[in-house]
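Chain IDs A, B, C and D follow the sequence of writing; residue 1 opens each chain.
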Amino acid sequence: MNGIHDMGGLTCFGPVRREPDEPVFHSDWERRVFAMNLAGMAFLGPVDRARHAIERMDPAEYLTTPYYEHWLAAIVTMAKDLGYLTDEELRTGRAAGGKTPPHPPPTADMIEALVRSGMPATRTDGRNEPRFRVGDRVRARNLDIPGHTRLARYVRGKVGVVTMHHGSHVFPDTVAHDRGENAQPLYNVRFEAKELWGDNVARRDCVHIDLWEDYLEPAGETRSAP
Amino acid sequence: MSDHHHPHDRPPNPYHQSARSPERDRELAERVAKLESLLAEKGLVDPKALDRLVEIYEHDLGPMNGAKVVARAWVDPEFKRRLLENATAAVAELGFGGLQGEHLVAVENTPKVHNVVVCTLCSCYPWPVLGLPPGWYKDAAYRSRVVIDPRGVLAEFGTTLDDDVEVRVWDSSAEVRYLVIPERPPGTEHMSEEQLAALVTRDAMIGVAKVAAP
Amino acid sequence: MNGIHDMGGLTCFGPVRREPDEPVFHSDWERRVFAMNLAGMAFLGPVDRARHAIERMDPAEYLTTPYYEHWLAAIVTMAKDLGYLTDEELRTGRAAGGKTPPHPPPTADMIEALVRSGMPATRTDGRNEPRFRVGDRVRARNLDIPGHTRLARYVRGKVGVVTMHHGSHVFPDTVAHDRGENAQPLYNVRFEAKELWGDNVARRDCVHIDLWEDYLEPAGETRSAP
Amino acid sequence: MSDHHHPHDRPPNPYHQSARSPERDRELAERVAKLESLLAEKGLVDPKALDRLVEIYEHDLGPMNGAKVVARAWVDPEFKRRLLENATAAVAELGFGGLQGEHLVAVENTPKVHNVVVCTLCSCYPWPVLGLPPGWYKDAAYRSRVVIDPRGVLAEFGTTLDDDVEVRVWDSSAEVRYLVIPERPPGTEHMSEEQLAALVTRDAMIGVAKVAAP
């Protein structure tokens, strides 16, 4: 999905606006949304499903609402998609049927361990043999992806150099849509500013971005003739 | 975290955090309370677990953690070597790690290389070492422009770089999280690790600022 | 400027929504804005300046306001930029200084001729010798353009085939910024869907788009190595 | 122009023309009246000239013009040849031309090629032959998606195409304006040029629909 969230390279949003002495949360409901999203992952996750729920927000709403409203939208969308909540329940605030979770939710005493252990994205049961090595020139594929992806539009079709191999990581494009973890090598790839933004760019800057193996092809490979 | 605030000549940003009206805030508070009570009733969340999560992220985690990592790297070359080689393991030596920091990478600023971190697609951020991100890190203005115009964005933070400095922008598109090790400022040769840590700001570890000399 | 207006290829706006029995104008103020924009072109134009004024709108406002509010924003922005109106005048509604136009505005009896003759964009005083011929393979350049441009992002860096030479047309990138008409050959270029949207696209569809000569390079030309 | 309207299962589009509140409309009316009076006082516009412009575009120009062009092309092969070769000149034979139609190109639908027109960057449209564009032509949903998913967009208009039909999307990025010559429907062999013109819809000349058989 080519969405408004995929905004790298846009130059239309004006200056960065900072809030002096910004608190961690602005309102108590932000605290609850933050925590519900984390604790709810036990039933609503994985994280890429949450990201895709946000990506499906109305674009104007996405741009005009602050961050925790995005998370609120994600919780509601996921809980509804998975059958845990109905529109009627959301309207009335009263439980009326809907699916029951398979086990109790994490309790207060389990939180510390959950926060400390995290949820590693690395796997050993997927594709482990890297096709590319550090130093290889690769092209980010240009792909038409209707659902969730982390292949940012601004690198599609561009040539860069592999700078790191991060091991094999869960693949967002499939895991977000219940099509499996499909773990595969994840690389960090360096793209020169000139390659990304225009052949008239003079600055010697670059962007490093993490890309899964399925997003990449050897840069020498022939591109399909139009 | 002492963020210097610039006045801007444009009208208030309509999607800025602080622009939410009290009515809207009340409406959201009601919606969220209703949602929490529903999710709790259905056994999807335990409100006490939510309390604990808020407590941790509001009070226990924050840039003071990352600052300790940076200060250690400044005073201990062996630690710095380990940090650059495997940041997840090195940071764990100081007791930090976990959610949104499962796969950490540290990148080092030098006189000729300046690193800056973003997540263009959402708002990924290394929570165990920096806490939760500031609003501007999650806003469209920063996310969209820092990749194409990093020097322009850095200038808005008061950070100007010579033309011969290479700017490396790290776009956190996967579950790997990046932490910038800023340059140790001059005049800090005789400071203790603890004193050094007090100099290191959140913005310097994101890479939008340098650490100022004391 | 990479703006929200440059939206070709986004897939996040949901279905096309039609209004049954839609009138030409929905309110009288729309009529006036439409006409002011056209008549005002005598002093506020050229059209690419108006387009750029709209491109400079706040992106969320751009997405949430209907079309004639964009035109309203353009009139106000241009009149202010050119010194014909001040913020104070707009607030009070009373003229208070500001520039005087060099000649009277078009009158009612001149309108028919204005509408009928139009404002051709072709010129003979610019570059007239086309560098490319129909059938040539060309690449739309990837260019970092801070101001107005009609080089849509979705074709940048892509290879297509020239299908028409439209003669020499005024160049938007310069005329919008008072840097001259810079007329030059304008071509229609055909890009295959597979080239634009992804190597996994199977449909045999294409996009034809008009591109000025300065936007193009021969497709055989070596791309700068990253 | 008989547009068939589909019910949609999504909530009302917040940026849809008809969603404007009466308060907002009143506010805009006041702003615009103030602006017109200022511009008139300063000699930038003549209100009577504005009246005339509105009259022309609200009543004199519209898809009935384009429909005459299409009908003529259907009955007169020589005219069609001239239209495809130089649409600006051919359309002028019927008395049409001018603003936003200074450089016209006609593209012909066939059993194997379907053309559809858009302006992704703003809302360019061939005014002399089609009048002013409908709201959906200017909205983000159409502009953004018809280039990448023309078949999906056409399906929303009830237009489905076989896989072996090539869809050509014309993005009006310059001052050239495109007019689609739809296919003449079967069963119209004995109709007059005038009767044929009555069949031709705006949507068929944009390319989002076909001309239905009578």
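We take it that contacts are C-beta pairs under 8 Å (C-beta built on N, C-alpha and C of every residue); 3 or more make two chains touch, one makes a residue touch a chain.
Not measured: the values here are computed from a predicted model.
Undergrad: Tell me, which chains sit next to both chain A and chain C?
TA: Joint contacts, listed by label: B, D.
Undergrad: Which pair wins on C-beta contacts, B-C or C-D?
TA: C-D
Undergrad: Report the chain whose CA-based centre is farthest from the CA-based centre of chain A.
TA: D
Undergrad: How many angstrom lie between the CA centroids of chain A and chain D, rounded to a whole number?
TA: Here the centre of chain D sits 39 Å away from the centre of chain A.
Undergrad: Can you give the whole-Å distance between the Cα centres of chain A and chain B?
TA: Roughly 17 Å separates the two chain centres.
Undergrad: Note the residues in chain C that touch 2 or more other chains, in rising order.
TA: Residues 2, 9-14, 58-60, 63-64, 144, 197 of chain C each touch two or more of the other chains.
Undergrad: Could you tell me which residues belong to chain D and also touch two or more other chains?
TA: Each of 14-15, 140, 148 in chain D touches at least two other chains.
Undergrad: Could you list each pair of chains that touch one another?
TA: Listed in label order, the chain pairs in contact are A-B, A-C, A-D, B-C, C-D.
Undergrad: List the residues on chain C that touch chain D in their complex, please.
TA: My answer: residues 5-20, 22, 24-29, 31-36, 38-40, 43-44, 47, 51, 54, 63-67, 69, 72, 75-76, 79, 84-85, 89-90, 93-95, 98, 100-101, 104-108, 110-112, 114-122, 150, 152, 154, 164, 166, 169-170, 172, 186, 188, 190, 193, 196-197, 203-212.
Undergrad: Taking the complex as given, what residues does chain C use to touch chain A?
TA: 1-4, 9-14, 55-56, 58-60, 63-64, 137, 141-146, 153, 156-161, 191-192, 194-195, 197-201, 223-224, 226
Undergrad: Using the touch definition from the top, list the residues of chain B that touch chain C in their complex.
TA: Residues 14-15, 140, 148.
Undergrad: In the complex formed with chain C, which residues of chain D make contact?
TA: 3, 5-6, 8, 10, 13-18, 20, 25, 28-29, 31-39, 41-46, 48-54, 56-58, 62, 97-103, 105, 118, 120-123, 131-132, 134-136, 138-145, 147-151, 153, 156-157, 163-164, 166-176
Undergrad: Any idea which chain C residues touch chain B in the complex?
TA: Those residues of chain C that touch chain B are 2, 58-61, 144.
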